[in-house]
Amino acid sequence: MPLVAGIDCGTGFTKAVIIASEPHATARIVGRGRAKSGVDSNLAASNALRSALQHACIAHEDLAYVATTGFGRYGVSFRDIQITEITSAARGAHFLCPETKTILDIGSQTTRAVASDHGKVKAFKSNDKCAAGSGMFITRAAKYLEVPLEQVGELSLHATRPQPISSICAVLAESEIINHVSLGVSVEDILRGIHDSLAERAGMLLKRVGMGDSVTFIGGVAQQAGIVRALQEKLKVKVTVPDGCEYACALGASLLGLHRYSAVHSVTKVGTVA
Amino acid sequence: MRITAGVDVGSTQTKAVLLRENGDMKIIARALVDTGANVQKAADRAFRACCSDAGIDPREVGYVVGTGYGRYNISFGHSQMTEISCHAKGARFLCPGTRTVIDMGGQDAKAISVGENGEVLDFVMNDKCAAGTGRFLANAAEVMGISLDEIGPLSLQATRPVKIATVCTVFVESDILSYVAQGKKAEDILGGVHLAIAKRTLSLARRVNIEAVVTMTGGVARNTGMVKALETVLGSSIQVGADAHFMGAVGAALFAMEKLGQSFESTVWEGAHAASRRD
Amino acid sequence: MDKVLERCTDLVQDIGFAQVRAWKQQHPGRAAVAYFPVYAPVEIIHAAGMLPVCVSGAGDRLDVQYADARFGSFICSIIKTTTELALTGHLDPFDAFLFSSICDSARNLCWVLKRNFPDKYHDFIHLPQNPSSGATAEFLAAEYRRVMAELGGMSGRLIRDDDIAESIALYNRSRELIRELYRVRTHTPHRLAAWESYVLVRAGNFLPVEEHIAILEQALAWLPQRSCKSRDSIRIVVEGSFCEQPPLELIRLIEEAGCYIVEDDFTLGQRWFESDVATNGDPVQALAEAYVAQSVYSSVRHDFRKPRWDGLADKIRDTQADAVLFLIAKFCEPAYFDYVPFKQTVEAMCIPHLLLEFEEKLFTFDRVRTEVETFVESLVFD
Amino acid sequence: MEKQRSEYRGTIHQRQKDMMMDWYAALDRAAGGQGPPTVSMMISGNCVELLEGFEAAPIYPEVNALQLAIRHQSLEPILAAEDIGYASDSCAYVKADMGCYIKGLTPTGGKIPTPTLILCNFVGCNTYLKWFEHVAKLTGAPLMVVDVPFMRNDEPSAADIQYVVRQLHEVVQRLEELTGRKFSYDRFQQAVACSARSEELWSQIKHLARSKPAPFDAYFDAITLMGPLYVYRARPEGVAFFEAALQELTAKRDAGQGVYDQEKFRLVIEGPPPYPHFRTFRDMFAKWKACTVASTYSTVGGLFEFGFRHDPERPFESVAMHMIAQNVTNRNYLQRYDQIRKYVEDWHADGVIIHFVKSCRLFSAGQGDMRDYFTRKLGVPTLYIESDLEDPRYFAEAQTRNRIDAYFESLEHAKTTQAMVGV
């Protein structure tokens, strides 16, 4: 029964997931942990992994294989393999909701759309032009509007007349917001406008990769109710936010790690993961 | 004796000054508040702060000119001017002899070529994207986890500044993080960041004639590292007035003084004399 | 051979054009002619006793300080860095500049430089966009003769048809060798890395053709005995880098990430003709005929008799590529537009593809690396 | 309010609307199989005279695109085009047009027929080639290009003219095959004669703007007069229209009526307008009573104010001449500098506005150098602003207004101080 760890070294946080696979059964998550990322990916990775190991009540030596993903994936010395966060996200999202065909991942700077088939990446697109379509956009606006980030999603749900934001630049969008504010537009309507424009940009990426009728939404911004509704209304699709979605990449990495591990040491064929 | 006010409602901060004309011209009060979500309120707060600071009744202020992006939202303002005109006016007044103004604000970078009488001869501003503006620095500081006031001095200690390709205020994060991951020193990264903006700003400024004296205005002028970087790339010295941050408001107050009916020549010739004294 | 590769790399990276300055010292009174990508009739320049040099930007080796004031936002990097080269004196060794009708930005650049450097010779060759007409070859021949007269006027000696015929023979040879080099890469990509063949070929943009021929012959002789083991990589065709060139580092990175670049359109102008230009008959007419009838497909040449996307389809089949990487310079409008029909074509062929936009200036490659690795993973993981 | 005052509303305004609607109606009939054969062409350097030889009607994709934009309907088709892979930074005219095909939209609601022939008159704009190639791929309509040599020198060479004339004859032959109609040289010659007359009148109208105050705005108002120039100049209706226009505007000029009750500034504007925000943009100038006296954009369809006319004695040669040398897009950049300089001098302008549109690199690539030339070499106050002619997303209202206000503040300040110092 091999234990495999997946570690997602993101720019903000580092997350670790440990899975166990029994023969002829789905791999199951036995531990999760996270730690603040810093200059030293190695340190952050071992911190995250430690808390995951504690959560799973096992020792590092028990791990058969370690797969890393995310921005700092090359910085982890004790890894067996590194995989990009896009490949991991697809695999992880598929595990969390097996019917997933399209994945949307909105991070602080990067927004990614991934078309997947049984957890395999078929096509993907990132916002390579400008960061206006990223989470940073919301953070800035929230700061300017003096609204705590965690309330943004809720507030925008109460919008009555959403105000469109058209600027291509995350920073210049603020001067549009200033315009709205000075015209006396309510904070709710502005926030909803921001969510709408974000949804539109995400929609463009999703259409590039070919959007199915449902989208699995992961990443930090997915926590905001407002953008979820905006996506549903703008794109006319069902948007699912799996719980524990912030661990999706780490999970995917662990599953792919397990896959490689079983391929290398041809142990008894594992369950649905293979 | 006449008293006027200039209120500069910027994207992040609102600045106000009171100007008194009594034989000479004197700034008798300054105030600085965060603009925040309510522009009218911010302008009002800044203005009242000035008055109480100077110990005068707001009604004694004969004329108020608003400037900056929120200028049309100043309920008590008598008229508006763009910050371009105001920065030119203010710089020429506070730093006599100024021929070129470089202003780095929150989301606008501008270069202004100023005439003998503080009039705008020519000006350029950053294009549709906020690349290379003051916000770029704020963001870099945030990513590095260093306070905005520290990054300037720190950048001065750079020995081998890194190369920053993007000037996108948001994407610069991934560049910085890559360098952090490569184990580059904070000062070298910041040095690179400051150089990148200096180059961007000057390539903008070169669209107008950059003639000495070059005066830097706006909030970023307080960042010694930025001034140094600009001087290095420009290859000549840049002067930073005491009230660089308030330059827009000062200019507005000066226009207010003119509007108040004080004869135009005096300021004109004052400027001219000041200039001739300098040269 | 490492020395040769090193020299070629230096040539490609040298924005000081030391090689050109040296050539002019060795050949007093003779002119160096800079031409802008993609294609230029180098035979004519060579026959005029001049050194043709392809100037295509400054890559990541020059900060744009003055050019931004001439060309605003949404203009590709090669236009700006080329302008910067000129405004900072790097192009002083050149006596003449040739441009052609490849895109609107490049064309306007011709006249912007002309205004800023009135004492240099600037010319614009109208390469025809209507190969279907009976009048085209004749027009192009006339256009070439016009340029010949101008260059002849510069050098003070008119260009004889025999000179042109000789130059054609030389360039036929170099084009044949380049075709051979690409054959090696297509069939045994592990023998020759993409970046190696890139510098070997692009060096010809700076060297006299005779020297370049020698280098290519040396390389081709060396390759068969080169020992290297093949990697487990996917075979890709790179499309879209015909004008502005991606950073050398990026070309390396793509192969490191698990690809073999078995075909590409880097410095396409050097492989412009699919077969030799005729050396009998009127050589100027022959050059013109070749442009009309023997050109490779390219996003800057419009031949409605055979669509470019068919050309790409053939290329994929001939090289048995697994995938296509559209490597497009930011703000390159010809590449942007062609991407759409190209995409439709490869999708119809069920060939996976990835679009990457690059700029000359890239110093951190994490974002790009992630995209390429994911693309490779999506093909190998299952 | 300034809005009303800024806008010119004479009888010709309504008349040109009606004419354009008639044209769209004809296209709609053609789509239903009842109308004339149609040939799609690009506006600049179009050879509409040749079509008259077949009694065929022109289709101008650019006109469709700008109609959409000015009606605030351009974003939807643009997004549709981007969904199938068009880059966010490529020409939005093309994207709007392709989007219309994908979504089955038209600016007027009426149908646009699949053209009998797609005739790509390649006059400098390389995007034209891609655009028409894509339309042909999408519609399956036959495609032909007239390759027009770019203006390398001040005058076209004999070889240039001969090359174009030969291609025009090839077009005639192709159209005879496609339409089954015989080309009527007489009608062609009459069309050329009509064009010459329309052009003469159009030129006189443009010269009216030299007087102070200018009786119409040579940018914002000229645009409403341009439609008939493209579609009708080679027909008697066109001639009649421009006669009426000249009469009406001359009367205004003689009565000393300007665009504003008091014209304060006279401008030359370079570059296409931001159609998606046309009204807003115009009001930014109206606020300062700034009137455009000349514009390069109004010479896209032909450069007539400096004397060129089609010539019924040499119809093919003069059509070729128009395509090569007498439209702004096929002329080189320095010729455009010169054109603007003439405007500033002979039309007595206070300054130049350079409007950079991201869609059109033909216009925009190098406008920084143009700015440098006018401010430093000629000392003309110049304002450089950026937006787009079709994509509503690239117009930053606050920034644009700020720059325009600052520009006029400086012009005003300069005037007053000059008055004070007595310069």
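Remarks
Labels for the chains are A, B, C and D, by order of writing; each one numbers its residues from 1.
We adopt the following convention: a residue touches a chain if its C-beta (ideal position, glycine included) is under 8 Å from a C-beta of that chain, and two chains touch if they have at least 3 such contacts.
Predicted, not measured: the structure shown is a model, and the values here were computed from it.
Contact counts per chain pair peak at C-D. Rounded to whole angstrom units, the spacing between the C-alpha centres of chain A and chain B is 40. Chain centres here are Cα averages; for chain C and chain D they lie 35 Å apart. Shared interface positions of chain D, i.e. residues touching 2 or more other chains, are given as 85, 89, 368, 372, 384, 386, 394, 396, 398-399. In chain C, 68-69, 72-73, 366-367 are the positions where the chain touches two or more neighbouring chains simultaneously. Shared interface positions of chain A, defined as residues touching 2 or more other chains, are 71, 168, 172, 175, 178. Taken as a graph of touching chains, this assembly is complete, with every chain in contact with every other. Residue ranges of chain A in contact with chain C, taken from their complex: 71, 83-87, 110, 120-122, 124-126, 128, 256, 259.
Contacts from chain B toward chain C in the complex involve residues 127-129, 162-165, 174-175, 178-179, 199, 202-204, 206-207, 233. Remark: chain C residues 355, 357, 366-367, 370-371, 373-374, 377-378, 381-382 touch chain A in the complex.
Every residue of chain A that touches chain D in the complex is listed here, in rising order: 129, 166-168, 172, 175-176, 178-179, 204, 207-208.
Residue ranges on chain B touching chain A, taken from their complex, read 11-12, 35-40, 69-70, 72-73, 107, 128-131, 133, 135, 168-171, 173-174, 177, 180-181, 183.
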